[in-house]
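Right, I'll just put the structure down here and ask away after.
Chain naming follows the written order as A, B, C and D, and within any one chain the residues start at number 1.
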Amino acid sequence: MKRPLEASAEGRGRIVGITDGVFAIALTLIVLEIRVPAHETVHSEHDLLVAIAALAPRFLTYALSFLTLTIFWFGQQAQHGLIAKSDRRLATLNLCFLAFIALLPFSTDLLADFLEFRTAVLVYWLNLLMLGVTLFASWRYAEKNGFVAEDVDAETKRTVYLRIVKAQILWAIGALLCLATPLLSVGFILVVQLIYATALRGSLLRKIIG
Amino acid sequence: MKRPLEASAEGRGRIVGITDGVFAIALTLIVLEIRVPAHETVHSEHDLLVAIAALAPRFLTYALSFLTLTIFWFGQQAQHGLIAKSDRRLATLNLCFLAFIALLPFSTDLLADFLEFRTAVLVYWLNLLMLGVTLFASWRYAEKNGFVAEDVDAETKRTVYLRIVKAQILWAIGALLCLATPLLSVGFILVVQLIYATALRGSLLRKIIG
Amino acid sequence: MKRPLEASAEGRGRIVGITDGVFAIALTLIVLEIRVPAHETVHSEHDLLVAIAALAPRFLTYALSFLTLTIFWFGQQAQHGLIAKSDRRLATLNLCFLAFIALLPFSTDLLADFLEFRTAVLVYWLNLLMLGVTLFASWRYAEKNGFVAEDVDAETKRTVYLRIVKAQILWAIGALLCLATPLLSVGFILVVQLIYATALRGSLLRKIIG
Amino acid sequence: MKRPLEASAEGRGRIVGITDGVFAIALTLIVLEIRVPAHETVHSEHDLLVAIAALAPRFLTYALSFLTLTIFWFGQQAQHGLIAKSDRRLATLNLCFLAFIALLPFSTDLLADFLEFRTAVLVYWLNLLMLGVTLFASWRYAEKNGFVAEDVDAETKRTVYLRIVKAQILWAIGALLCLATPLLSVGFILVVQLIYATALRGSLLRKIIG
């Protein structure tokens, strides 16, 4: 007998649909912050070059948002690819994850505008932390309730947890560095994200991350 | 012979596509109302903390919008998962449902800005009511026209109706409470939504909701 | 041998994906024009009621945009459901159709703001016309190149053309009515769209439309 | 044994989902720059005609953005249709491609606003170049790692490279023309894009492009 919202492969497909939608919008919306210089302020090639150069921090923020979105798109996908079906609670956990994805452009903008303030770094880190927490919670829920695909072995299950925890430890270290200076903190987090996003094989840090 | 827009499984797939699209956009757009504080107004860590704290109502609104969207995403999905095919009229009913989903950010914003006014509560409730009406109408239409999957029994069919009606009764009670005071009204509705969204098992209210 | 961009079922699936995406965004973006009243201007329940009543034209515009988007979503789907595969040219025609769908919020806004001007009616009608032209062109292309599914008979093929042409004739009559007065023109178009969107069975006009 | 994020057909499907999402949003967002004239400035049919005529450059920009998005949507699709599965690195390359797609509305706006400046042409060309580079890199990666479908022959593989390179050579020539005058440069690029977008058969330039 078919019952509403019982764990199913269709429920799983719906999550994929809404997740890719939210990521696609987030990727596109962050660009909207990069605005074309006002025509009145530009009178020569040199003026235009200067105006575009002044947009550099915006492009950097864009790159940072992009990296972070990339990392978590793969994070969600890595998990989801191992899950055979989904029920309402697992979907809710995934929506919570998406709620924090939707907040990322805000946190990243805040960080870009207030690079010199610890508060901005902490808000950004909190966002990363909540993304990790929701990913961790949904994997745990999927595992406990037998939603993980049958051909996933114990080691792989453990690896999923480990990756989330390792990334969070690195980001926590990054956040702690802002006790010294916020810029060091941001630099450290950026390097971690760059390594994750590019998935460099064989690099030292990559080995530690696993 | 194939005829244009006859009831089909493909028509059903298109509805899923556009529904997940609208929900993904609604989830992301409501965040855009949370704006980074202006740089000129912030001169110290303390200033930034105060500025972020001042955004608290926006984060609350975001959480509320998110809860409501979650509830109706599952509401639509619960129904849709039991429907085997769709024709043009069922799709139109679903689009009407989506039109009221797209209005939710407006109603929620209005509520957040005018928490002390009955009118705001009533507009919000009207939006919830219309969402229930369109869901009820599409289930009724699907059932009458034999679009419900064959392995769905009579009890499940009745449960779908009951859930919509029960939720609407609770929200109507909530709306009536604004005769006493709007804040009580909003508090009641919030609690109902929280219970639905988290799908708490075994809670008393959950038992009543069914 | 597989060749890039040859006519395929996958190409057809991609068109569905991008079409539903554009429609989902169009449906959601038109709501953004409905703005919550400024808090400073509202001091009583009465003020709020008045402020919301003042938004009535916006809700009407929203309903109109929604109706039109509904009609063309079905128009595209009616055709697409009969097409078995798609090549690059058919996809380009579909993208042109989407380009005019994306323009609809602009035309509708223009109409709502300048109801009393013929120019606004003509721009709106031009948009409807171009939507019809692109739909007509893609059906013709699909038919000539054997992309229509095999189990579609000659009469159905003719019906698809006829529907597009009949709708365009009605809208053209509507546009001509603005020689008398623009409001009559808009009223006529609105009625036609309402009938199409609700797909009333047995109504007289419906019989004429076919 | 299933492992997280190993090369799979599902990973391929996710890329299609997020790609069509980004393109749908980009297509819709560029229209938002076309704004309805302010009601206060319009007092007669003539005023409205003038106001709409003043929007002509915006419609042109829209058409240009649309053409470019069309070309690269097909570019991505041509490649993707020949790829059987995808791993994390290939997905990352595709996301980089999408990051530059999301930047296209910015570059196009810049070009439209500063048609007379070489810097604007160069920024636009840089965007086109990066789109070509990411497409080239992902095809190379897919080929080296055996992700290309088995029924794709060597000539087709070479054709994919050739098309990217030929288009880039044409755009580079276009960019160089801005040494003479930026407008010539833009005109040349526009013609190239028009030919690609419409995929004119038998035209001379089309033969050179291959």
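Annotations for the structure displayed:
Criterion: contacts are C-beta pairs under 8 Å (C-beta built on N, C-alpha and C of every residue); 3 or more make two chains touch, one makes a residue touch a chain.
Here's who's who by UniProt: A, B, C, D = TMEM175 family protein.
Computed from a prediction, not measured in an experiment: that's the story for all the values here.
Averaging C-alpha coordinates per chain and comparing to subunit C, the farthest chain turns out to be A. Counting every residue number used by either copy at the subunit A-subunit B contact, under half are found in both chains. Inter-chain centre distance (subunit A to subunit D, centres taken as mean C-alpha positions): 26 Å. Looking at subunit B, residues 17, 21, 24-25 sit in touch with two or more other chains. For subunit C in complex with subunit B, the touching residues are 16-17, 20-21, 23-25, 27-28, 30-32, 34, 36-37, 39, 42, 45, 48-49, 52, 62, 66, 70, 73-74, 77-79, 81-82, 149, 151-153, 156, 159-160, 197-199.
Residues of subunit A touching subunit B in their complex: 1-5, 8, 10-11, 14, 17-18, 21-22, 24-26, 29, 88-89, 91-92, 95, 98-99, 102-103, 105-106, 109-110, 113-114, 117-120, 123.
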